[in-house]
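There are two complexes below, and they share chain A, which is joined by chain B in the first and by chain C in the second.
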Partner chain A sequence: MAEPMPDLPETTLDAPLLPDGLARIATQGTPCPTPVFRQSHLHRLADRWTHLLFLACTLLVVLLIGGILYFLAARGAGAFFPLAGNTDKVVTFREVFLSTNWDPGDGHFGIVPFIAGTLAVTGLALLVAAPTGVLTGVFIAKVAPPWMRNVMRQVMDLLVGIPSVVYGIFGLTIILPMVGHAWLADAPAAGFAVSAAILAVMIVPTVVSLSTDAFESLPSSLDEGSQALGSTRWQAIWRVLIPAARPRLLTATVLGLGRAIGEAMAVQMVIGNNPQWMLLMRQATDQTPVLRFLFTPAATLTTELVQELPNTASGSTWNNVLFAMGLLLYLMTMLLILATRRLGRQEHA
Partner chain B sequence: MKIRSLVLAAVAAFALTPAFAQTVTVMGSTALGPLVKQAADDYMKSHPGVQIAVSGGGSMTGLNQVVSGGCTIGISDVFATPAQDKTGIVNHNLVIEPFTLIANPHVGVSSLTPQQAEDIWTGKITNWNQVGGTNVRIVRINRPTSSGTRAVLQNTVLHGKPFSDNQLIQDASGTVAKMVASTPGAISFIELEFVNLYKGRIRGIAYNGAVCDKQGVGSGKYTLISFGHAYLNPGKTNPQVLKVAQDFLNFILSPQFQGTTVLKAGYMPVSYVKQLKARL
Partner chain C sequence: MTSRVPAFKVRATARVADRAMHLALWLIALTFVAVLIGFVGGILKEGWSELNLGFLTRMPEALDAGGGIKPELFNSLYLVALSLALAMPIGLGAGIYMAEYAGQGRALRFFRLCVETLAATPSIVLALFGMILLVQMLGWSFSIRSGAVTLALLNIPVITRVTEESLRGVPRELLEASYGLGATKLQTILKVALPYAATGILTGVVLTAGRAFGESAILVFTAGTNVSQHFPDFRLSVPGETLSVHLWYVTSDGTLPDATQIAAGTAAVMILVLLALNLLVRLLDRAIRRRTR
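Moving on to the complex of A and B:
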């Protein structure tokens, strides 16, 4: 804030001084506006240093992302290739990425249940959160009266800030017993249904905030024009506003998805964390397939990482496979972000 | 591998710098951590000039670090692996950790025979009415595969047999207690102190006719116990620091500390098992 202000006199003073700069050096004794000159010199130096500082910060971020990727890859690769630091045997890609049997004590490291679990729980959460979030966004931006708009915006901002562990405790102590008691005749309700519901509640505020922004940033001529052409409110929203805001709505959804896919604490508390959930589903016969799927205790990449990583010996196959799982999660998130960036850009063009 | 060696160098620097100031670093089990921290505070009061820093990380972290020389004392709920034992680390059993089977209060069962308990966890028994309780499905709440508590349960109750796959898994003891309190038909396995913390909401289950308490463990009737371990690495520790660490462990093992603070923290003096062995 303070910096641009002294810049003005500097440039105005600099211009007349520049031609006789040589003369000033020759006649050093003569009084000249050196304080001003010195200050501007310092200023320029400060500018340069600040520039370097910002550059360093930017590079640090890039370095950090690259470093984490390298670290995960180096440790994860130890699961498949005999690297220095390995204290255990290696496994093949087939045994890890194509097997549903996770039993590290017995030497089985199939991570398909975790990948499927992550995809299922985030997919279900998004199925609930995306439509709800976008429609709430439309409501706040285009339908609600101004006082309500203000209240809703503040509520959404508050909800974004609630720590995930709070959602988790809420799910564990209230939702799980309630659902189990009401629908499942006192069987435990832990599984995809409750964790997806909790995740959906967690990401709806993100989606709402961003889609409200998307709708508010649309030129009002779109809305007015379509209504002038005789469309109803609903037609204007459905046929004009939502298509026009689509790239930004997509971004909103993906940011919500990003939050969901990486969430560990809240999910871990309500999902039941059973790595053998696919086996369990095959064995169970007492419920309809859909119900069985929704209420089988399952596990995801994040929940398994958060529970096992601190307790496994570094250099063991088990530990290395967990790092490979972390790398996979990282790459999944990266891919997601890159894909939507490209998608959003295409829509713009 | 470059990053790895950098990290190792940083850890080594951390370990070496305080070594000059007579600092003993303790890492590992989060369950044993509070007790060792309490012991460190007491010890430092009576031994000015000695610094003891206690941090967590989990049992396996403690063992890994003491093997690599990253800390002076590695505390753990489980024995070191055979590979780790070969590196020359030395075990000290600090305390007895009593564990107990717990259940939701509405299951109508307060005692299980060893056979019943084993059959419940292996999946042979699926309803509480098969062991004299109410007609409620049994919900097994276990720990993650890498957990020390799970290893104790498998060694003592299941005699090494595999668990049923039909189970819920939770890591933290507090969460386990909460889940047992709120899930009808739930059974789990937990440190004794949590039974008092969640009094009325969960029920401790007697095993083999013995209740998990001071008398049960002391008389040798109650067998679901494990040791809290402290490992030293004489090969990779400054001799002076090693001497201090050894003295600190002796302080924890002294009858005075074992008889007061250890009992208050929900653990039991390690001498209980020595008596037990003498009787056997």
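Moving on to the complex of A and C:
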């Protein structure tokens, strides 16, 4: 490689002939010392072949996607088909995907409670996070004064950086006792409500930052035109800006949903981990089913994996069904990513 | 003089709605500020009494009260460093390829889709993958190396994306000047584009380090929930429980009499580390802005 000679160009280069950017750098010194390039056979050889190295890195990422799919599918399929390394009995798709009875000790592997739990907790979280996230996005992009814009960005940066176990411990030691004392006469408050509230705070930064980008990338003529026609600020936002940004706002929401579906530890710490929650719901006879639903200890796909995977023997049906649940999670997030692609194409059409 | 009818009818109700929503937007935003303050304040308040030098420098206890977090703190930093060292070359390489070689066509779109998919893959799914491939098939068991490799999978897409974006932000005239001076493409990338993009990439790497530091789901299934009896233990084959895993494990396991206090103290330490990282990102960001102005 050529020796960089940082001090030389200032005196030897003919500044006026240089393109603007390099002249500025040459005269101001750093950011990058202007290199003097020496060409040799070796350089040309390196130039021709190193891009294969970079390509290999990229292909590794592609390979990883396939590899994850392959290994999870191989283990998950062991639950349904007598594959090599499978030491236990097989179950049918019906018994797994259509049954609400999860009792591995007794040979029942219905995972409907976990799918329903995942949908319920992410749905509730999205119900809070999507509207508030989009509105905060509008606020940052169009309404807030510059100092408040800065404050909000920093708040969102910090919220997204807090680890999920710290969210979990906050929920466990501060929110659960508080809610339990306030509304449930000291009953444990574990369940969908508190999990969803924590999840909402966890995914709001994703929704906010993407929807802020969406609003900022709209041409300002939309906003100005609308107000020139006599709309109020809010009318411009509600009837012009939000419809115009709709595909990207939906993308923001879908990516938030993806984060919520995959979150494991924070939810596991506050949801109560009860695989039989649907049975409990059915037996409950009190007058407030909604409240009962919100505060019944439950379980989701991710929490069940965290809870039970370490206790199961490799190769058993129980273990294989858990891997099938992991595969299901992976496929769900892949589907969501493809959905955002769809939305992106809609925007260009 | 005839004035044209405006497309929007501004009735009194519209004005009231405008005011009300303006207020509502401020309220929502301030709620998030309050949530953050309440959160960080709550964690620090719970853990403050635990924070002392003894807590940071004692070994953890298995059954008795009074354990510290010395090896966990070490493992956290060690694993973050290892996983970044593994992920950096791959992420940089892939980012360079996507920004400089992949063109604008179908190949680039496909690679981007893959990077996005890997970035969106739930960490528990990565954990399962690492558990099958490294812990069981390669026989690495619950160890630092299993954890570091799996954790690198979490870092790779983030570093790739930030590298690509930073390289695309390099001014065109700079690259053209470099070619004009007779540089090859590789020389231009390594000596002109990468140094210019370095601060941006570094910001991304620090953010990635923060994410890896807080990650727990992956490490529970690959690095395990035990620590080595020696300190400091740099061996790659020993189990390496990190701070975040410790925090989760003591609360869910429940054999320690002072689990609540230890969890609170650990959480406070993690929040402090992350606040420091955030400050570092902000300083880097300021450096970038000063240069581009």
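To be clear about the criterion, the second predicted complex is superposed on the first by the 301 of 349 C-alpha atoms of A that agree within 3 Å, B and C clash if a C-alpha of one lies under 4 Å from a C-alpha of the other, contacts with A are read in each partner's own complex, and residues count from 1 in each chain.
Operating definition for what follows: contacts are C-beta pairs under 8 Å (C-beta built on N, C-alpha and C of every residue); 3 or more make two chains touch, one makes a residue touch a chain.
Just so you know, these numbers come straight off a predicted model, no measurement behind them.
Superposition note: with chain A as the common reference, chain B and chain C are in steric clash.
Looking at the shared chain after the overlay, A:His51 reaches chain C, while chain B stays out of its contact range. A simple residue count on chain A separates chain B from chain C, and the partner touching more is C. Once chain A of one complex is fitted onto chain A of the other, the partner contacts of A:Gly67 extend to both chain B and chain C.
Of the two partner chains, chain B and chain C are each touched by A:Ser314. Once chain A of one complex is fitted onto chain A of the other, the partner contacts of A:Thr173 extend to both chain B and chain C.
Judged by the touch definition given at the top, the superposed model places A:Ala182 against neither chain B nor chain C. With both structures placed on the common chain, the touch criterion links A:Ala339 to neither chain B nor chain C.
In the superposition on chain A, A:Ser231 makes contact with chain C only, while chain B stays out of contact range. Look at A:Met269: by the touch rule set out above, it reaches both chain B and chain C.
With the complexes overlaid on chain A C-alpha atoms, the stretch of chain C that clashes with chain B is 256-264, out of 94-102, 112-120 or 256-264. When both complexes are aligned on chain A by C-alpha atoms, chain A residues 67, 71, 172-173, 268-269, 306, 310, 314 touch chain B in the first and chain C in the second.
Against chain A, the residues of chain C that register as touching in their complex are 6-8, 10, 14-15, 17-18, 21-22, 24-26, 28-29, 31-33, 35-36, 39-40, 42-43, 46, 89-94, 96-98, 100-102, 110-111, 113-118, 120-126, 128-129, 131-133, 136, 153, 156-157, 160, 171, 173-174, 176-178, 180-187, 191-192, 195-196, 207, 210-211, 213-217, 220-221, 244-245, 247-248, 251-252, 260, 263-264, 267, 270-271, 274-275, 277-278, 281-282, 291. On the chain B side of its complex with chain A, the touching residues are 1, 3-4, 57-61, 63-64, 81, 83-84, 136-137, 139, 144-148, 165-171, 175, 178-179, 182-186. Listing the residues of chain A that touch chain C in their complex gives 2, 4, 18-22, 25, 31-32, 35-37, 39, 43-44, 46-47, 50-51, 53-58, 60-62, 64-65, 67-68, 71-72, 75, 132, 135-136, 138-140, 143-144, 148, 151-152, 154-159, 161-166, 168-170, 172-174, 201, 204, 226, 229-235, 237-239, 255, 258-259, 261-265, 268-269, 302, 305-306, 309-310, 314, 323, 326, 329-330, 333-334, 336-337, 340-341. Taken together, the chain A residues at the contact with chain B in this complex read 67, 70-71, 74, 83-85, 87, 103-105, 172-173, 176-177, 180-181, 186-188, 190, 268-269, 272-276, 279-280, 283, 297, 299, 306-308, 310-314, 318.
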